[in-house]
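Here's the structure we're looking at; comments come further down.
Order of writing sets the chain letters: A, B, C and D. Residues in each chain are counted from 1.
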Amino acid sequence: MVEIKKVPVRTLASGDSLHITVYDFKGSQKNAPKVYIQSATHGSEVQGSLVIAKLFEFLKENPPLGDVRLVPNANPMGLNQKAGDYTFGRFDLTNGDNYNRRYFLPVENMNWEQLKGLTEATLYSTFKEEMMKKLLEKKNSSISFPDALALTLQTLSIDSDLCLDLHCANRSAHHIYVPEYAKEDAAYFSIPFQIIMPKDKFGGAMDEVFFRPWTMLAEQLNLSQIKTQSFTIELGNHESISSSQAESDLAGILNYLRHKKVIQGEAEKKNPVNCPINQYMTIYSAVGGLVDYVAQPGKRVKKGDLLARILRFSDEPDFFEVKSPYDGIPIVFYSSSIAHEGIELMRILSDV
Amino acid sequence: MVEIKKVPVRTLASGDSLHITVYDFKGSQKNAPKVYIQSATHGSEVQGSLVIAKLFEFLKENPPLGDVRLVPNANPMGLNQKAGDYTFGRFDLTNGDNYNRRYFLPVENMNWEQLKGLTEATLYSTFKEEMMKKLLEKKNSSISFPDALALTLQTLSIDSDLCLDLHCANRSAHHIYVPEYAKEDAAYFSIPFQIIMPKDKFGGAMDEVFFRPWTMLAEQLNLSQIKTQSFTIELGNHESISSSQAESDLAGILNYLRHKKVIQGEAEKKNPVNCPINQYMTIYSAVGGLVDYVAQPGKRVKKGDLLARILRFSDEPDFFEVKSPYDGIPIVFYSSSIAHEGIELMRILSDV
Amino acid sequence: MVEIKKVPVRTLASGDSLHITVYDFKGSQKNAPKVYIQSATHGSEVQGSLVIAKLFEFLKENPPLGDVRLVPNANPMGLNQKAGDYTFGRFDLTNGDNYNRRYFLPVENMNWEQLKGLTEATLYSTFKEEMMKKLLEKKNSSISFPDALALTLQTLSIDSDLCLDLHCANRSAHHIYVPEYAKEDAAYFSIPFQIIMPKDKFGGAMDEVFFRPWTMLAEQLNLSQIKTQSFTIELGNHESISSSQAESDLAGILNYLRHKKVIQGEAEKKNPVNCPINQYMTIYSAVGGLVDYVAQPGKRVKKGDLLARILRFSDEPDFFEVKSPYDGIPIVFYSSSIAHEGIELMRILSDV
Amino acid sequence: MVEIKKVPVRTLASGDSLHITVYDFKGSQKNAPKVYIQSATHGSEVQGSLVIAKLFEFLKENPPLGDVRLVPNANPMGLNQKAGDYTFGRFDLTNGDNYNRRYFLPVENMNWEQLKGLTEATLYSTFKEEMMKKLLEKKNSSISFPDALALTLQTLSIDSDLCLDLHCANRSAHHIYVPEYAKEDAAYFSIPFQIIMPKDKFGGAMDEVFFRPWTMLAEQLNLSQIKTQSFTIELGNHESISSSQAESDLAGILNYLRHKKVIQGEAEKKNPVNCPINQYMTIYSAVGGLVDYVAQPGKRVKKGDLLARILRFSDEPDFFEVKSPYDGIPIVFYSSSIAHEGIELMRILSDV
């Protein structure tokens, strides 16, 4: 019922190899949407891997209607990269490439005209095949590891209709990146905070590379509907997993999958807070020192409220006060209390 | 009333310099004990720096009876060493030297005979002077940075009678390393767990290098009393500071200082759990994977109890169970859920 | 005659500050070009700093005609960032930002129309002032350290006419990045290999951010001439300085400065090899292992020639052969013989 | 003729495993000495791995008299640990343990009395068996990865008579660590510089842990001869391999193996320089800056000679001069020109 595959992704200097494990559940209904779910592409962001383990157990007991592909620990290189106790897996340590900015938009020289006459069913499958060809061509050229890993994950996901990329974010409240056209559906995830992206956004991330070709297709062919959806879901703090939290994370994902008819059952819609991505603001530390955070992830602040105090011992010990420049909701906090000037202290969903 | 000094500790490749800040409060009573308190020699372990900031405020309002010297952020090199969000300051990144194992025992070729005839007052001051001479001689030779930093901190502390080295320990319950002869006094810190060291222990740590010369003196001269005391105090989790926790940490330190007549007031004795250091056991991870911790720092477990599950995706997702080999109290946990085989998963005060 | 300034660029967690040192030589002729020279923005690439030290000595003895500003060790953060013996300064260790990709193009909302009526002299000074305004505005917002450092260096350089950014490149032959319109002048540097960039190239590097506004100005105003020039000069291997090599590096730079009438004397033109940047190809390692390099930086190879052997111990020891896919000249080699699959093994100026 | 084994040494967080490869050549003569050769336990020190590959080819063509076991890339964890282009494999990145200081002396509670009556042949095999028992017992306890790796390598080598541990040393001249009793034999390696260790030295390194039990045995049993030998051989610069250098390195090792009758043929004795280890002195950088090395590895200097200049830009560019405190031969140099105060600049075989 479930097929398990090991895909090699890198041979190391020692000759040993790194792999990803792929779990494939075959759906019982031919027309149900196909789902692709991966986790931990940034190495340290592992809560999604535990959620996938629990989803695996669920699907064994409750076979899905649509095909479901699960790829936990999607970046073994990043996961294994330790510096001290912590995991330094956000970017390639040789070239600085962010592992979630190297995905390749497979529409270069796409022949849109040729797609115009096709029936809906043929259109979608043809489009997927054309993209797969471009991915494989790129994959066979001489490329860097971050690019090769991205292409491997893309070839695993390109045939799906729904794509969930499970991340975490330092110390944070749960939130989700949502293409604007999928806002209503995203509410079913039970994630309290939504960051809304325009449908033409593309910066090389998995969610974007998944939906952007389809929004381009809709533009080119004047389609009224966009059949595919993808989301980056931020499941709280990185560097840790929590079994009780994973139950609640799983419940939200199952609710969405029910809503999309990938699995059976009734879904319930929630009312998340949402905020356009251009109002999602970063506050950088203005001074170096030790940060005592006063604000809390997910708790609303008013402009001028104290967000943090930064302790310095330049002369007498003093506390530099960081005040909120906005009304809004702080979502992501720097992982540490030890901060140089110019690090990313906090991100806020602002009312600006 | 308080004197502030900047002491340079290292010039960097860029030509810029790192400093430590030293705060000196003069005591009002000549015979009251002198106290030396430092924090954050391991870089990431910063809660003690916040406690020192609060102690500074207290002492400005409440001048001490004995001299008090405060050295927050005692290792600016370790504090500034970032890898990703976190602080990689436990050891020198060029040679691997642990910053709390490089202290130098200043008794080599000590002329014990010469000390035997002295009166108590002269004995103590002469012994301190002899040690200072040896420290300065070593400090003037060609030495590595970790050794130079250790010697700088030793020359700042050698004249004191009481020495508190404020650390933190990954994710942990508060605990304190105590030389056995100072066990009764240590109870005044209100730290719930004591790890008891024999009085001849020496592995290069600050607390040991401070008390060991005095226990040697007592041995050599058959003294019935050891006048000096030193402790490593582990103030919970590293990488973070907490203002509310700092109030409680400060209260414990003030209680001890009152008991030792460094500051005025009544002290109250507590009843900590204690455990000999040779029963303080480490559990290493037997497999690599994602760790879901079940036990909690400071909460007693029985032999055979489940401590953690380690999630692996080798075939179907499975959970490797880590069970306690001891009755005891887990105190320190690995900072991350991402673990290779053979990392230090947990430390337990065992009943063995 | 020379003015020396320290500019603070970052306060660290410890409270200490990092600085850059700026040396200003005042030129004797009002209309001679102004030159800006910086080095080591990637931390490990320090040969240029030694060249600047030697240029400083030269200019003290031989006062220039035009103003010369020197900024050695332009990135103290990157310079100080050690991991083991080596210097990990190519990118920010918290966010992965490449320090030479964060420069800010100061022409957003530029009012080109307003510039059209101006005389040449006024045009140039007005354009510089407009750009400076935009830089300062950006610099006063809440920004990350890599962005702040880039803006600091831009405000120091924006008033100049010629900009030399001194880099090094792993293990490499000397080479230079040249905007196509400045090809003839660049030949005076005596750098054997030129990589030619189109005049509209912009990826956030210092040379590009310096020339691109001026090529835009020329486009907008139909100017026949582009007055400013900028170059990235790669002075061989990183992580090391060589005094004898620095003499020869200095001679080339002085030859260019004579040609541009910044200093007095006759200049001599050289005949470098040049290659368009789109023919500058990267070869990634196809396997992990230990690399025995056969090709040498700066020595021509033919398609099919053996470039390197990669030693593996998977079964019997074997040597994987890396052959050149191009006729051309290998220029930059990976710094180490220890290579994972997918690292950048070599860059070649190809004849493709 | 040659047996090849893969030995797993660590499972990673991702579930992938690291291995070492073991090559066993069976000797044709029962009484010929057994040899164990390993390389690259410090990760970056890989020249010995290439030498082992060449030795493998030699032994396939020229079967040995004694058993030969080869273990290239003996520390895959250290080899794979990259930070930027370079390899950060000298110590464990979680706890700072130096991979060549964790070997375990397997003589605790050794019953020396029991060994006294035995014949020579029985004595040696019994002693090896007793040590193997202690190693296996330790290996089966809960231990850290560096300890587990050390024990794995020890169990692979304990049955041998000769042990060669192939290292490299930053930027350096070839040199060799030699227990004093094996000085004459060591001369056959054709390594120009010998560092002589007393026979009771033990700091946890492979060579020491191999010979120390045998020198203890000789002490306990008043044996006139020590049958086993071990050496740390430093084959020049780390981070690189060179095929031509490997030929010459191999020739030296074969010459020693001929001398010891492990392989057939005549050996030729050389005349290396030797120096007691307590005269092997380290010079630490007294200031931070950019180092222009003047001395060269392996070239004699006189006391007062200029060893290096350190470039600083504190005010005007200046060069801090490092002069030799000794007559002697600089052997190992810091790998980089970028130096903080207090790094290990140079090591000198001094005439002191």
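As a convention for this text, contacts are C-beta pairs under 8 Å (C-beta built on N, C-alpha and C of every residue); 3 or more make two chains touch, one makes a residue touch a chain.
None of the values given here were measured: they were computed from a predicted structure.
Where touching is counted per the definition, the chains common to chain A and chain B are C, D.
Centroid distances built from C-alpha atoms place B farthest away from chain C. Distance between chain centres (mean CA atoms), chain A to chain D: 47 Å.
Centroid to centroid, with C-alpha atoms defining each point, chain C and chain D lie 41 Å apart.
Each chain gets a centre from the mean of its Cα atoms; for chain A and chain C, those two points are 35 Å apart. Shared interface positions of chain A, defined as residues touching 2 or more other chains, are 12-15, 21, 73, 79-80, 82-85, 87, 90, 94, 290, 313-314, 338, 340. Looking at the complex, you find that chain C touches chain A at residues 10-15, 90-91, 94-98, 142-148, 282-284, 286-290, 312-314, 325, 338-344. Note for the complex: chain D touches chain C at residues 2, 4, 21, 43-44, 46, 49-50, 52-53, 56-57, 72-73, 79-80, 82-88, 90, 170, 239-243, 290-292, 309, 311, 313-317, 319, 334-338, 340, 343. By the touch criterion given at the top, residues 12-19, 21, 73, 76, 79-80, 82-85, 87, 93-94 of chain A touch chain D in their complex.
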